[in-house]
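Listed next: structures, encoded as structure tokens.
Two complexes, one shared chain (chain A), two partners (chain B, chain C).
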Partner chain A sequence: MLDFDKLDKLIHEKGRLSIMTLLASRAEWPFQELKAQLNMSDGNLITHLRTLHQAGYVSFTKEMLDRPQTRYALTTKGRQAFQVYLKLLEEIIKTSRS
Partner chain B sequence: MVTANEAETTLKTIRSLMERATIYRAVSANTAILGGVLAIALGGWGVLTACAQSGSELNFVASWIIVCIFVSVVNAVVLHKQAWLRNEPFISPGMKLALRGIIPPLLAGVALTVMLPPIPVLVTLWMLFYGLALLSTQEFAPSSIQWLGRAFVVIGILTGLLWSLCHPYTNPQFFGSAAMGLSFGVLHVIYGITTLRAVKTGRETEAVA
Partner chain C sequence: MLDFDKLDKLIHEKGRLSIMTLLASRAEWPFQELKAQLNMSDGNLITHLRTLHQAGYVSFTKEMLDRPQTRYALTTKGRQAFQVYLKLLEEIIKTSRS
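Let's turn to the complex of A and B:
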């Protein structure tokens, strides 16, 4: 029997799930590109990224190009949590089919 | 509680977001500038030889094919180096996707080149097929590549129309050389410079496979 409580509520939220998915698809993402891809407001995106950072799922680096730029990436803990989340979703589908 | 339907929808959303996140730049900015400068030089030389009535159609085609092969090889070397710096394979999933889209229009262009149509028609076809090849990657290409593809298609159409209007009064080699220099030359230089500036300010990535 599946324990649905195992589903990471932090990742399951729609906005944060999109962020985690994009971060899982590349090594790192500049803030502006994430914002453009997700069509989120600055405030909304920053709040979600801060939540994920506090959970240890996301790291960031700041650099100075022509203007300050922040790049975000998944940490090892974040990548593992995302994989566990995906596996659990697959198991839910399998269980319902069997 | 999460239902199977909800889980399935969530997985589909994740898959589509990941596909959208794949970005591949098939034309490196530095190579575009090199190719653009060569095209402007060759176009200018073609215009001069056409004025002196000393060029031939075969020379025209051969010289542009040599430039095309040279720039393609340089582009492959640059993409290989960029992939190596990112510790990623040269033939990445992004490159495979891009090649799947690019090869058919380019092969069509090669097939029509072998038939050796009049120079202005050939130039129009090269612009159109190159533009279509770039646009075939638009689902996963950065916006600058999409703009380059659209510009080639629009200029290709305009070149064809212009030739149909002024062909009785214009030397085909003069027209073809000028069109090649202005399209493949100027457009690539503009693309290369704007891309380098966008990468520098973080608005675009140079190449992500």
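Let's turn to the complex of A and C:
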């Protein structure tokens, strides 16, 4: 049977799931581009990114271009945790359609 | 881009997702069998089933056998909502691995 206790609550929350999905799809995301893709306030986005960063799932790089820019990326730990999560989603789909 | 606002919060919650996954995998589930499959207290399970019933996703049938038995099943509406949810999971997996 599927072990739903393995479902990573940090990732499963809707807002963070949307962020993780975007981060997984590219090497790096500037904050403004993440924001443009997500229907989320600055405050919410920042809070979720901080939570993911504190869990060790997300790294950020700050750089002074014309103006300050912060870019976000999945860490190896974050990528691994997300792979485990996606694997469980696949099992959910498989079980549901069996 | 993926529309995470379409993610059905009723289904996405971990406990209810585990229930929906089980219900989708069989025509009917007696309460005791659901409970045996899930790592959940009676109270939690009943609360989640009630929420899903009130949303129109789950029907139940009560019958007097040797002792009272209640069996749960997905409704047509619940099955459709779950299909939409699973479709979004598939898109998340696809996007993440692109």
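Please note the rule applied: the second predicted complex is superposed on the first by the 98 of 98 C-alpha atoms of A that agree within 3 Å, B and C clash if a C-alpha of one lies under 4 Å from a C-alpha of the other, contacts with A are read in each partner's own complex, and residues count from 1 in each chain.
Note that in this section contacts are C-beta pairs under 8 Å (C-beta built on N, C-alpha and C of every residue); 3 or more make two chains touch, one makes a residue touch a chain.
Quick caveat: nothing in here was measured; it's all calculated off a predicted structure.
Chemist: Please indicate which partner A:Leu89 is in contact with in the superposed arrangement: first for chain B, second for chain C, both, or neither.
Modeler: In the superposition, A:Leu89 contacts both chain B and chain C.
Chemist: Based on the superposed arrangement, let me know which partner A:Leu65 touches: chain B (first), chain C (second), both, or neither?
Modeler: It touches chain B, and chain C stays clear.
Chemist: Which of the two partners, first being chain B and second being chain C, lies in contact with A:Leu17: first, second, both, or neither?
Modeler: Both partners.
Chemist: After lining up the shared chain so the two structures overlap, which partner does A:Lys9 touch, if you call chain B first and chain C second: first, second, both or neither?
Modeler: A:Lys9 sits against chain C, while chain B stays out of touch.
Chemist: If we overlay the two complexes on their shared chain A, which of chain B and chain C does A:Asn39 touch? Say first, second, both or neither.
Modeler: Only chain C; A:Asn39 stays clear of chain B.
Chemist: A:Ser98 contacts which: chain B (first), chain C (second), both, neither?
Modeler: second
Chemist: Using the superposition on chain A described above, determine whether A:Ala27 touches chain B (first), chain C (second), both, or neither.
Modeler: First partner only.
Chemist: After overlaying the two complexes on chain A, where does the chain B footprint on chain A coincide with the chain C footprint?
Modeler: 4, 7, 12, 17-18, 21, 24-25, 37, 86, 89-90, 92-93, 95-97
Chemist: Could you please specify the touching residues of chain C with respect to chain A in the complex?
Modeler: 1-2, 4-5, 7, 9, 12, 14-15, 17-18, 20-21, 24-25, 37-39, 82, 86, 89-90, 92-93, 95-98
Chemist: For the complex, which residues does chain B have touching chain A?
Modeler: 1-4, 7-8, 10-11, 13-14, 17-18, 20-22, 86, 200-203, 205, 208
Chemist: Of all residues in chain A, which touch chain B in the complex?
Modeler: 4, 7, 12, 17-18, 21-22, 24-27, 30, 32-33, 37, 65-67, 69, 86, 89-90, 92-93, 95-97
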